[in-house]
Structure formats: C-alpha cells, structure tokens
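One chain, subunit A, links the two complexes that follow: it is found with subunit B in the first and with subunit C in the second.
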Partner chain A sequence: MIDYYAQTDTCMGIKAISYDEINTHDFDGDFIAKTVISTVFAGILCASNPISIESKQETVESVSGDRVLDINRQDLALLAKIREKALYPDNWDGNGAIAVDKKTINDAESFIRDLLRDRIIYSPIISLAADGEINFLWVLEDFRFDLGFYGDQTFSYYGKASSGQEFISDEMDISEGLPEAIVNFIRK
Partner chain B sequence: MNQNEETLSFSPINGAHAIAEVTVFLRFEPQFNALTISKLLSLEEELKDFFPTANETRAVQFKITGTGEKQDVSDNVAGIELKSMNQEGGIDWMMRTAENSISVHCLNYSTWEEVSEQMLKCLNATFKHLDGSESFVSNIGLMYVDRFICNGDNDEANLKDLLKQETDWVFKGAFKSVNNLWHSHIGWYEDFSDYKLLNQLKISSSYANIKGEKKLVVTADHNVMLFREDVKGSFVTYSDDSDNSIKLKGNIDTLHAMNKKVLKELLTSQMVKRINL
Partner chain C sequence: MAHQYTLDCEKITHEFSPGVVEDEEPLLRLLYVPEHVDVKTNRVIETAIPLVDLKSRGLSLDRLAFAKKGIIQERMKQQMIRDPDKRKEASLAKFCCSDIRSIVDTDSGVRKNLVIDDAMEINIAHASIFSHKEMGNGALRKQRAVLLEYLQDRYCLDALFN
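The block that comes next holds the complex of A and B.
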C-alpha cells in the first residue's frame, strides 16, 4: 500500500493529512488516494492567497447595476447632438469644410447646460457649418432665432419675432447667457 | 471617410456620456468604533434635503456549528445608507457609511465641477462626526463606471471602434474573442501629478437587457486610489474648513485626471471625441 501524505495551506492554518488517518475499511486504496489528493487540491483552491497582492486593494462596490439614464431627457439629447458633431472630420462635406474645434463643442455645451438649468425650453435644431461653427436654430410659431459658436467663449445671434421685434448681438460672452426677453420666447 | 455615429459600432450608454456611476470613497483604519458609527447616523437628519431616503445598515455575524446549527454571534448597526431618487424610482445619488468606509455615489453625472462639489459637501458633513475618532483615512479613491452599448447587430460589433488596439490597458485576446465576450482585470501603480496612484481597471463585455432588447455592453470600471503614505504633510483632517476642503478637492481632482488619462489611452480617438473627454 502506498503511503500518501500531503499538506494543505488553508485559511485555517496548515493541516497535514496522512493516509493512515483515513479509515480504509471497505475502500479501495486508489480510491482513497484520489480522495485525499482531491481534498488537498480543494484545500489549496480554497486557501486565502499566501502572498499579499499590493495592487489588489479592496475598493468599493458599484451600485449602478444595469441602470441607464433616459437618453431622450432634454439635456442628454441636446448634449449628444452637440458631441456627435465632433465626429465630422475635415472636408466632411466634400467641399473643404473644417472639423469642429473642441473649444467650440465646450462653448456650446456650457451654453446649453446653463440654458437648461431650472427650465425646459423648445429644443433647437443643432447643426455644424462648413466653417466649424456650431449653430442652434429655433423656428417657432412667433419667433425665429439663430445662434452660433466659434469656440472663443462668445456667441452671436439674430432673432426676429412675429411682431417684427429684432434681437441681434455679436460676440456676447458665454457666461452672460441669453437675455431674458429671448429666453421667454424659447421657454416651454 | 466620415465615420459618424451611425458607422461606429458602439455608443455611450447615456447618449451624451458613458458614465453609469462615479463614486468617491474614503477608507479608514482601524474601522469605526460603535460611538463613531452612532454619530454618523445623524447624517440622516443633516442631509435629508439632498437625501430624502435613509436606511440603517446592519452587520450580522454568525457561525455554523459542526452539526449544521447556526449560532448568531452579533447583530449591530454598521452604518447608514442615504439615497436621492429620481421620478422613475432610480437612484440619482447615494451615500453610504460602513464600518471602515464612507462612499458617495453619483448615478446621474453632469459635469465634474458639479459632481465633485456635491461629493465634497457630503464628505465635509461627515468630518465633524469623525473628530476625535481613532480611525484615520488610509486611502482616498475614485471609481468610474463607463458603459458603451453596441449600436447595431451584436454579432457585428467591432471592438476596434471602441478600444485602441495598441492600448496597454486591455489584453489583445479581447479583440479576437469569437463570441465578443471577454474580460480583462488589471492593476498597476503609476506616478501621476506628484503621487503614486494605484489603478485597478476591470473591462468586460456582457449582454444586458436594455429596454427589452438584448444588447452587447462593454463596461470599463476604473478605480484610482491615493494612499496616505504617498502624501507629504497632512492627508485628510476631520475639519470642514476651507483649507481642508481645498486639499481634499485637489486630491480627488488628481484621481479624476488619472481616470481621464487612462480613458484617453484606452478609447479610440473617435470615442474620445464622442464623449468630449
């Protein structure tokens, strides 16, 4: 009979198992040997790692699960439309158009975030011009309004109400936002 | 060629951005004693305007005897979980105090400026309850969970539209996996902005039920951690004064910048543009 002897390094400490400890009555020797060896392997598999992996520090569990925000939410939908414009390369129109600059994207984003803070508006049509300008266009029943960004932290606009009242500005600072008189036209 | 939204295999899961969750966490050593845990429970009242929902969490320890009998060893309050829910019943923000950690989870990301400001408000609110505690902050971490969803047919998904093939942060086999399913879990330290930061990056692809449709989703779960021994001078003090707040803000800004760096090295230039990273 072969004398099997093994050691397991488990989280409970080191345990030695010898063949002699096992009651062999009515069992085939090879069967017992296999059982002992598989027990040893199981012990090793279940053991805590004896070497501490410094780069495997415990962190925090995510709580997001499969959660997805509503991509039709106005802020997310408009921001997505602005960001999609960044994918257009130079000459996107086949006629020498220039790609939009990251600064222009950032300005358009800042503007729309501020505009949507605590209010719901009619959503503008967002487009990219061949000269790299991001353009917002509102075509409403009583108001048409055109606004553009070039990435210099300013915006320019022209609007005309059905009453004939005109609104015009060149290079207005992004941080100033839209005048309330205009916001009242595009507010829902 | 104009490679626009329609021709990319993947899109950010939230349309405008891919951030499913960003969490700041502080870990403490030794773990909080019963007095500190009970002091932290008063956050429910102090933060109820922002977190209207609160639940105490309990730590239950038990042992199973040799005869299979269960014996309760202890059952104690371990901390508190505060939640801010949206109209659909989903969590927008969550704060959790546990026996050795405090975490603030944002599941409705807007901008880093807005999100980090709110995180600091929450953390500052905890500090006065920790004053005098023997537990010190052993590390500060930031976790970003970014998700990208396959646009069209799951079988046609082209990972090269999402991840740089030459990136160091995902194993090459991911690009060859026959059924588009794979995972890559790695960890490393990196010198960054005067600190040695621990990065843990778990990227995987899986199928998820998105609005009733089985969609292939790639998740990048990035943890960045800053340890006390790597910081010269005081790390975090239990004060809600502006100096401490500025220092803490500087630390989490560094972790945020590390995440941006890793994502820029991981994602294709098209996807970097698409999420305005």
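The block that comes next holds the complex of A and C.
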C-alpha cells in the first residue's frame, strides 16, 4: 500500500505512503507537516476549501526546492481526485448522504494504481455518490463504463460498447483488476 | 437492507398521500450541475442515481400534480448551500411514471422498477423508485443506465410551475 508522494528536505527523493499510513506510521513531525503541505499541491483539498494556484506553487517550491511535484502526472491527478472525496462529511448533500469510508478510498487508490502501472488510460470522471460509493465513469465515443467501490475490497461495473457488447460484474476482487477486454476500451 | 415493497404496494395509499401514483403522472427528479451532469455533454451521469436508492432507500421524486414550488425551491436552496461548487445550478428531470413502470426484463418480462407513493407530512408529493427485484451491484448499474435515459429531459423550476 505504497503510494503517497511527497518530497521533503529531510527525506530525499520521493517518499510514498498510503492514506492509512499517514496516521499509523511513526513519521517525524517535520516529515508529516511537509507531507500535508505537499498533499495540498496535488489538489487534494476539496473545492469547498479552495486554495489558490499561486499559493500552491509557492509552497511547492519552498518545500521541495528544485524537486517540484509533477501535478500533471495522471496517477497523481487521479489520486488527488479520489482523496478529495474523503473530506465530505456525513449528510454532505443535505439529504442523508453517507461519508466515504477510508476503506473505499484505499480500494479506489489500489485499483487506479494497478490500472496505471504500465499504461495510460482515458481519465474517468471520479465522483462520490450519496451512498458512499466512489464512482469512476468513462464516457467515451464507443464505450460507456460505470464502475464503483464501497470499501469491501471489491468493485462492480457495467459497461456498454457502441457495438452493443455489454460487460457486467456484481463483485470483483480489487486484486484481479479489470479484464483486458475492458482495458482495451479505456486505454489511450 | 433491501426494501420490502412489492408490485401490490403501488396500489396502496400512504398516510398524507393525495393518492396512488398513476401511470400517466409526470414525475420530477431534482438534479444539480455539475454534480449530476457531465458538463462536456450536458447529460445526466450515473451518480445521479445512487445504487442504494434503488436497493433500499428509494430514489426520491416529486409528483408534479401535487408538488409545491416553494417546497422544491427551499430544498434546492438548502442543498445548494451545502456544496456550492458542485451545485451551481439546479434543474428537474421530468418523465412519465409509465416510462419507468414499463421497463421490463427482456428475458422474463418481469418489471424492473416500482414507483411507490411515499408521501411525507412536509411534502405530500413525494414518491420513490425502487428496484423491483433484489440484485447485485453490477445488475443495478445496468438498471440505472436504463433509468438515466429518462432523466435527460430537464427543466428549470420556473418553467414547470409558471
């Protein structure tokens, strides 16, 4: 579960920790402080708590010197979007919505990390549903694909190609990843 | 936990209700832009229909014939305040009850959805869509893909109530 990218003066290179590890590992205070700052640069704070692009850039440089985070990297951009969903509290929609569970965040991260390991894909629309689901939606010219996580280490999906071919799974283990036939539709 | 409604429940009038939901009734579903709409295509997306709503909570609707503009307006206001970035604009998808009730499983011919009178004291126009049969999340995703087609015809509040 390694994945949290941050660069600091005390820890050379890229330090990578998962969402859970932030709270459970024995990192020194300086590293944690800088990691939190770096998290902001990746766009992880939600839009309801906005930070200007200018201030993000300034802090990126002050923390990492000439080693600036590449926020244009697809994996980092998608991870940032996923983690943004963790900031929504219960009843975020004013209609009884459920806050997303940490396990759901972890499942979505694991999935996207594996998916992007050796390929570039079309980026999905990442959204939070009122029932605590993190949803990935691909709306492509020849394929529409709806996939979601609820934090039980599985995902489910339904997709339909313009040819009429359908793909459906009620429950698939995160470790299995997506079938290649589906990956071929979303691969760039 | 799955809901307990059956086809017979569509014929039962609940407390506060103005009557059962008739097939020909126009129904409304409140949606927000960009939360529920792909701004590139201007089409309503899947998360506008949470799976848990179909499974157990019910997908909330307003019955146009009994809906009060002020009640919907206040709901819009309260919900938009909670997340102004994701709720820049509100609209109401309008469709006919029979559109939803006529969706059937192509193999068995069994109806896929229930439309239930779900009146509340504060909103007698409230109704809900439930999945008729209990099913897995993949199958529910397929079902919501079909339902989505009926949420694409959207109106602003004033257009429906003036």
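We take it that the second predicted complex is superposed on the first by the 123 of 188 C-alpha atoms of A that agree within 3 Å, B and C clash if a C-alpha of one lies under 4 Å from a C-alpha of the other, contacts with A are read in each partner's own complex, and residues count from 1 in each chain.
Note that in this section contacts are C-beta pairs under 8 Å (C-beta built on N, C-alpha and C of every residue); 3 or more make two chains touch, one makes a residue touch a chain.
Just so you know, these numbers come straight off a predicted model, no measurement behind them.
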| item | value |
| --- | --- |
| Partner chain in contact with A:I174 - subunit B first, subunit C second, else both or neither | neither |
| First (subunit B), second (subunit C), both or neither touched by A:I121 | neither |
| Contacts of A:E166 with subunit B and subunit C, given as first, second, both or neither | second |
| Subunit B versus subunit C as contact partner of A:N106, first or second or both or neither | first |
| Which of subunit B and subunit C A:N135 touches, first, second, both or neither | second |
| Partner chain(s) touched by A:S156 [first = subunit B, second = subunit C, both, neither] | second |
| Touched partner set for A:G148, first subunit B, second subunit C, both or neither | second |
| Which superposed partner A:A80 touches (first subunit B, second subunit C, both, neither) | first |
| Overlap of the subunit B and subunit C footprints on subunit A, listed as residue numbers | 92 |
| Subunit C partner contacts - residues on subunit A that touch it in the complex | 47-48, 92-96, 125, 127-131, 133, 135, 137, 139, 144, 146, 148, 150, 156-158, 160, 166, 168-171 |
| Interface residues, subunit A side, partner subunit B - complex | 53, 55-60, 62-64, 66-71, 75-80, 83-84, 86-89, 92, 102, 105-106, 109, 113 |
| Residue numbers on subunit C that touch subunit A, as the complex places them | 35, 38, 40-41, 43, 45-47, 50-53, 57, 60, 78-79, 81-86, 135-139, 141-142, 144-145 |
| Residues of subunit B touching subunit A in the complex | 2-5, 8, 12-17, 20-21, 23, 25, 27, 88, 90-91, 94, 101, 103, 105, 107-108, 110-111, 139, 141, 143, 145, 147, 187-189, 198, 200, 208-211, 221, 223, 225, 270, 273-276 |
